[in-house]
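Chain lettering (A, B, C and D) follows the sequence in which the chains are written, and residue indices restart at 1 in each chain.
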Amino acid sequence: MLGSYRIRTDLAVEAREHFKEENVEVRGVEVNESYDEEKDIRTTVVKITTENGAKAMGRPQGSYITIEAPNLSVPDEDYHREVSREIARHLRQLIDLETEKSILVVGLGNQAITADSLGPHVVENLHMTRHIIREYGLKGMGEEKMHRTSGIVPGVMAQTGMETSEIVEGVVSVTKPDVVIAIDALAARSTRRLNRTIQITDTGINPGSGVGNHRIGLTQDNLQVKVIGIGVPTVVDAATIVHDSMAHLLDALDEGEQKEFLEEMISPHLHSMFVTPKDVDETVKYLSFTISEGLNMAFAQV
Amino acid sequence: MLGSYRIRTDLAVEAREHFKEENVEVRGVEVNESYDEEKDIRTTVVKITTENGAKAMGRPQGSYITIEAPNLSVPDEDYHREVSREIARHLRQLIDLETEKSILVVGLGNQAITADSLGPHVVENLHMTRHIIREYGLKGMGEEKMHRTSGIVPGVMAQTGMETSEIVEGVVSVTKPDVVIAIDALAARSTRRLNRTIQITDTGINPGSGVGNHRIGLTQDNLQVKVIGIGVPTVVDAATIVHDSMAHLLDALDEGEQKEFLEEMISPHLHSMFVTPKDVDETVKYLSFTISEGLNMAFAQV
Amino acid sequence: MLGSYRIRTDLAVEAREHFKEENVEVRGVEVNESYDEEKDIRTTVVKITTENGAKAMGRPQGSYITIEAPNLSVPDEDYHREVSREIARHLRQLIDLETEKSILVVGLGNQAITADSLGPHVVENLHMTRHIIREYGLKGMGEEKMHRTSGIVPGVMAQTGMETSEIVEGVVSVTKPDVVIAIDALAARSTRRLNRTIQITDTGINPGSGVGNHRIGLTQDNLQVKVIGIGVPTVVDAATIVHDSMAHLLDALDEGEQKEFLEEMISPHLHSMFVTPKDVDETVKYLSFTISEGLNMAFAQV
Amino acid sequence: MLGSYRIRTDLAVEAREHFKEENVEVRGVEVNESYDEEKDIRTTVVKITTENGAKAMGRPQGSYITIEAPNLSVPDEDYHREVSREIARHLRQLIDLETEKSILVVGLGNQAITADSLGPHVVENLHMTRHIIREYGLKGMGEEKMHRTSGIVPGVMAQTGMETSEIVEGVVSVTKPDVVIAIDALAARSTRRLNRTIQITDTGINPGSGVGNHRIGLTQDNLQVKVIGIGVPTVVDAATIVHDSMAHLLDALDEGEQKEFLEEMISPHLHSMFVTPKDVDETVKYLSFTISEGLNMAFAQV
C-alpha cells in the first residue's frame, strides 16, 4: 500500500518490514534474526542475493546487518562495551584480517549540525596507526600484528565545493587502503529506531543515504576498493512523519485519492526539513564513542 | 476550532493569527503592521494590554515586536545590516538609554545542538565593555557615552544541574545590570516562519519558551530587573507538523472525534522531537551575527 | 638567589623547591612525600601552618597536595583510572561527605585557547545530579546516597565583561552549595612539570593563579563557602623560560648586575606570552577526562 | 654570527634581516620595500633568483611577499578590509586570472590547537563556488565571470594517520584545480612579528614550515600544480626565545664557547614547545577572517 508515495529510509530492515506487513515474501532476499535476551541486543541480517531482490528492496545486492540495542542512548558503559564488541565481531567477518591490513575510515556528514555529526565524531575518537607503523614498523606500536588505520573527515559539499566522493577517491588513490569504512548518520522511517539501531553493510554508502543526501555515494564501483558502510539513524524526514501519522486515515481512500491528498497536504517545505530528538547531542556523543570503540577493538589485534 | 488540542508556538504573531483566521477580534490585544517594501521587511507589533487579552493569547501582557525578513537566511551583508538596524531601533525604544546604562545579555540554549545554539552564538559575537569601563572609565573605550555590556552563556540544566534562572538570578544580584536581554531559539507553529522571523518582547522569556523548554523563565518578576527577550524560531515541534498537515482532514470531524483521532495518531514520541531545516547550521550562523550586530549598534553610542 | 626577580609558579611544590635548593628550612611549612613505586605516582603534601610560612611561600595557609604522574600525557586507560582514584581519595579527605552534600564545580579558563581549556572540559564530562535529585529525590538516581553535583563554565573577562568571581559569587548565593571545587589550568616554573602534575588545595584559587591570571580569585573569604582548587600546569611563562635558562650565567654576577641584566634582556613582550607543548590538545583531553572521572568517583557514592 | 646554531623562522623577511644586520649583500636575492603611511602597511618583496641565493637564504627560489600591519590584532573592520584588499591585489598578480580559473584552498594545521588553527578557520569562512558552477553554470552564481573555489581541511598526521601531502595530492589528482593556495600558521623568530605579519609566496609550503612541522610540504614539485602559500606567524619556538635573549651575552664568547654554551643551556624539552601570545584566540579569529575576505575578494570577480 501507499506504494505510489516514496518513503525514504536508509535501513534495509525497514524496507523489508514493508513487505512483511503485507505478508509478501520477496525472492532474492534472505532474512535471519537473532536475539540475545541477556544483553537485550537484536541482530537482523538481510541478504539481498539477486537483481530482482535488489529492485524490490530499492538497494544493491549485499549484506545488511542491523543491531538493535534499546539502551544505546543511555550512558551505561558496560552495555555500550557489549555493543562495541558486537560491531567488532561483524567487522571481522566482513573483512579478511589476514590479507586486508590497511583501513581508511571516512567520517561522513556535517560537523556543524549535531544530528549529522556522527561520522566526524567517530573518526575523532579512533586510534590512528598507519603513520606510526609506516615510520617505525609494528614495533613502534609495541605489537606483532596490527592493522594500519587512517581516517578522514571530508566535510560536506557546501563547505568544500567538492563531492565527498571526489575527496575520498583522491585519498584512496594515493594511500591505497585495502578497505574503506564509511560512517554516516542515516534517515530512518520510524522515530522508534532513532539512536538505537546500527546498520553495517558491505555495499558501502549509496546515493541518497545519510542526513546530508550524498549524490554519488561511496561504493566499490566508484572507489575500486571494498567499502563497508556503518550507519546510525539519527533523523526522520519531516514528510515521513506526517505521512506515517496519516496512514490509517489514508487507508480509507482509494489510491488516486491518496495521491491527491498527499501532494496537497505534505508541504514541499517539509522535504528540506528533518525530525530529530531533543537529546540528539548526548546520543550522538555516546553512539560515536561506541562505534569508534568497536573499530578500535576490531583492528587492535588480529 | 481545534482549540482542545494545545499547539505550541513561542510567537505572539502566530497566536494572534489563530483568531484572525476565525475572524474573532480579541479585546485587550492591539495589532499594528507595517511593511517596508524597499527593504522587504515586515514589522508587526502586538500589544496585550489587559488580563483578558493575556488569557486569550496565552502569554503575559506586554509588547511583542515581530520582524519578518524573508532573506534572513541568505548571506547578503547589506540586507543583514538593515535588519540589525531595525533590531537596534526597537531596542532603543524599549530601553531608556539615558538612565538604563548597563546591560546583561544572556545567551540561552544548548551550544551542543545546532538548532538551539542561537543564544550562545550571539553572546560570542558581542563587544563586552563593562570590565573596561569599570577599570578605565569611558576614556578606556575612547568614547564619551557608551553602555556597559556584559554577557553570559549559562548552559542548559542537563549540563549544569541548575535551572538557568538560578544562574541568571545570581549573576544579576551581584552585577546589578539595569536591563537583561535574553536571546533564545524559539519554536514556531509554521515551518514558513523558521529562520526568517525575529521576535522582540518586553515580557522576557516565559516558561515553555525556547527549544529547550525552560521551566521557570526569565522575567522582571523573578529577576527584579527589566527583561527583554529576543528570539528566532529555529524549530517546529514534531507533533505540530503532523497536526497542521491534518487540519483539513479534521475539519470534517466533530470535536469529540477530532480529539480521539489526535490522541491516537500523534505518537507520544513526537513530543520529544523537533523539526528543523537541513541548513540550520548556516542560518543560525547568519542570524546570530545579525542580532549581535543589532545589539552592538544599539549600545555603542547613545 | 635570584630572589629579587619574581618567578611565577602556581605550584606550592615548586615554591618549596626554591628553599630546598638553598638548604633553608622554612618555619611554618611541613612537607610529606610518598612514592608508590608500582603505580609510579609521587604524592607531596605541603602544609603551610603559620602566617610566617605563608609569607615565605607567597601563598595562603592551607594544604597543597601534588600528585606527580609521569604517564599522565600517555593514553593508558588503566593508569589514568589509578590517578582518578587518587584524586577521589584526596577529595574525600578534604570534604566531609556526611555533612557536605552539595558540590558546585567551576570550570575556569578560556575554552577558546587549548592550553587554558582544562576547566571547561572537566565540567563537560561531569555527571550532574543536582537537578535530578531536586526533582525526583535520590530514587531518581537509583541510589540511596549520592551527592548533588552542579557545574558552571563562567568564561573569561574578555568574553563576559565580568570578573569570574562575580559570576561564581552570584551562583553560589542562589544555589547554596556546601563546597565549591574550582578547576583551572596553571602556570608552572619548570617545563618538566607540564601536563604530569595535579595540585589539589583547600585554599581555593588565588589571585594570579591560572593561565588567564584571575585578578580576584575564588576563596572561602570571598565566596563564604569552602573552596577546593584543582589545577594542572599546562603552560610556563615565556619570561620564566628565559630566566631559568640563564640562571647559571647569572650566578657569576652580583645582585645588582643580575637585576640590570634581567631587566634589559627579558623583553616586556614576553610577559604577555606563554610556552606550551606542541601536543597540548591531547594532554588536555586526557587530563580533563582523568580529573572528571576522579570527581565522578568521589561523589557517586558515599 | 651565531651561524652555527640553527634558528628556525618561516619568514623570508627574517632570514634576510640576518644578513642585513651584518651588512652582507647576498647575490641572487632582491629586496623591495614600500610603506603606505596612511594605511600603516609595510610591504616587503624578497625575490630569490638563483640557486646561490636559495642556499644562503635556506629556502627555495621564488617570491616572498610580506605584509606587515601593526594593527592586525585589533578589531578595526576598516583596517582589516584594507589588508584584505592588499592580499587580494597580490594574489591577482601571482595568479593568471584569465587562464587559471579553479582554485583549491587548503587549510593546514590542527584545529584543536588555537595557535595552529588559522588554516582551518580561513577555509571555514570562504565562499565555495565550484559545486554550484559545475551544477548550474555561472548563472547559478548570478555572475558572468567567477572563479571556481573549493577548499579542504586535511587535519594533521596524528589525527589522520596520513601525511597532509598525501591527502592534498589525492584531492588535486581528482579535482584538478589550476592553483592550490595553502594557508598555514607559521613560526617566526621574533615575537614582535607575531599576529601582525602575512607572508604570501609562490613557492608553496616547504618542509619544516608551520607550527605543526609538515615533513613533506606542498609544492609544485610534489603536487604538479602551482602552489601559493599564505602564512601568518602565530608562534615562536621556545628554544629561539631563549637563544635570542642571550644573544648579547654570547657576543662576548668565541664560537666554540658559544656552541658549548647553547647545547648545555637550551633544554631539549624546549624543542617540543612553542611560545604564543595570551590573546591568540582573538588574533587568530581576526586574522583568519581578514585572509578569507582577501581570498573572497580576489576570486569573486575577474
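The rule is short, and it goes like this: contacts are C-beta pairs under 8 Å (C-beta built on N, C-alpha and C of every residue); 3 or more make two chains touch, one makes a residue touch a chain.
Small disclaimer: the values here were computed from a predicted structure and weren't measured.
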Via touching chains, subunit A connects to subunit C in a minimum step count of 2
Taking each chain's centre as the mean of its C-alpha atoms, give the chain farthest from subunit B.
D
Euclidean distance of C-alpha centroids - subunit B vs subunit C, Å
40
Euclidean distance of C-alpha centroids - subunit C vs subunit D, Å
36
What is the distance in Å between the mean C-alpha positions of subunit B and subunit D?
43
Could you list which residues of subunit D touch at least two other chains?
158
Chain-level touch network, classified as line, ring, star, complete or other:
ring
Report the complete set of touching chain pairs.
A-B, A-D, B-C, C-D
Over in the complex, which subunit D residues touch subunit C? Could you list them?
110, 112-115, 158, 191-192, 211-212, 238, 241-242, 245-246, 248-249, 265-267, 269-270, 272-282
Could you pull out which subunit A residues touch subunit D in their complex?
123-124, 128-132, 148-155, 157-163, 166-167, 169-175
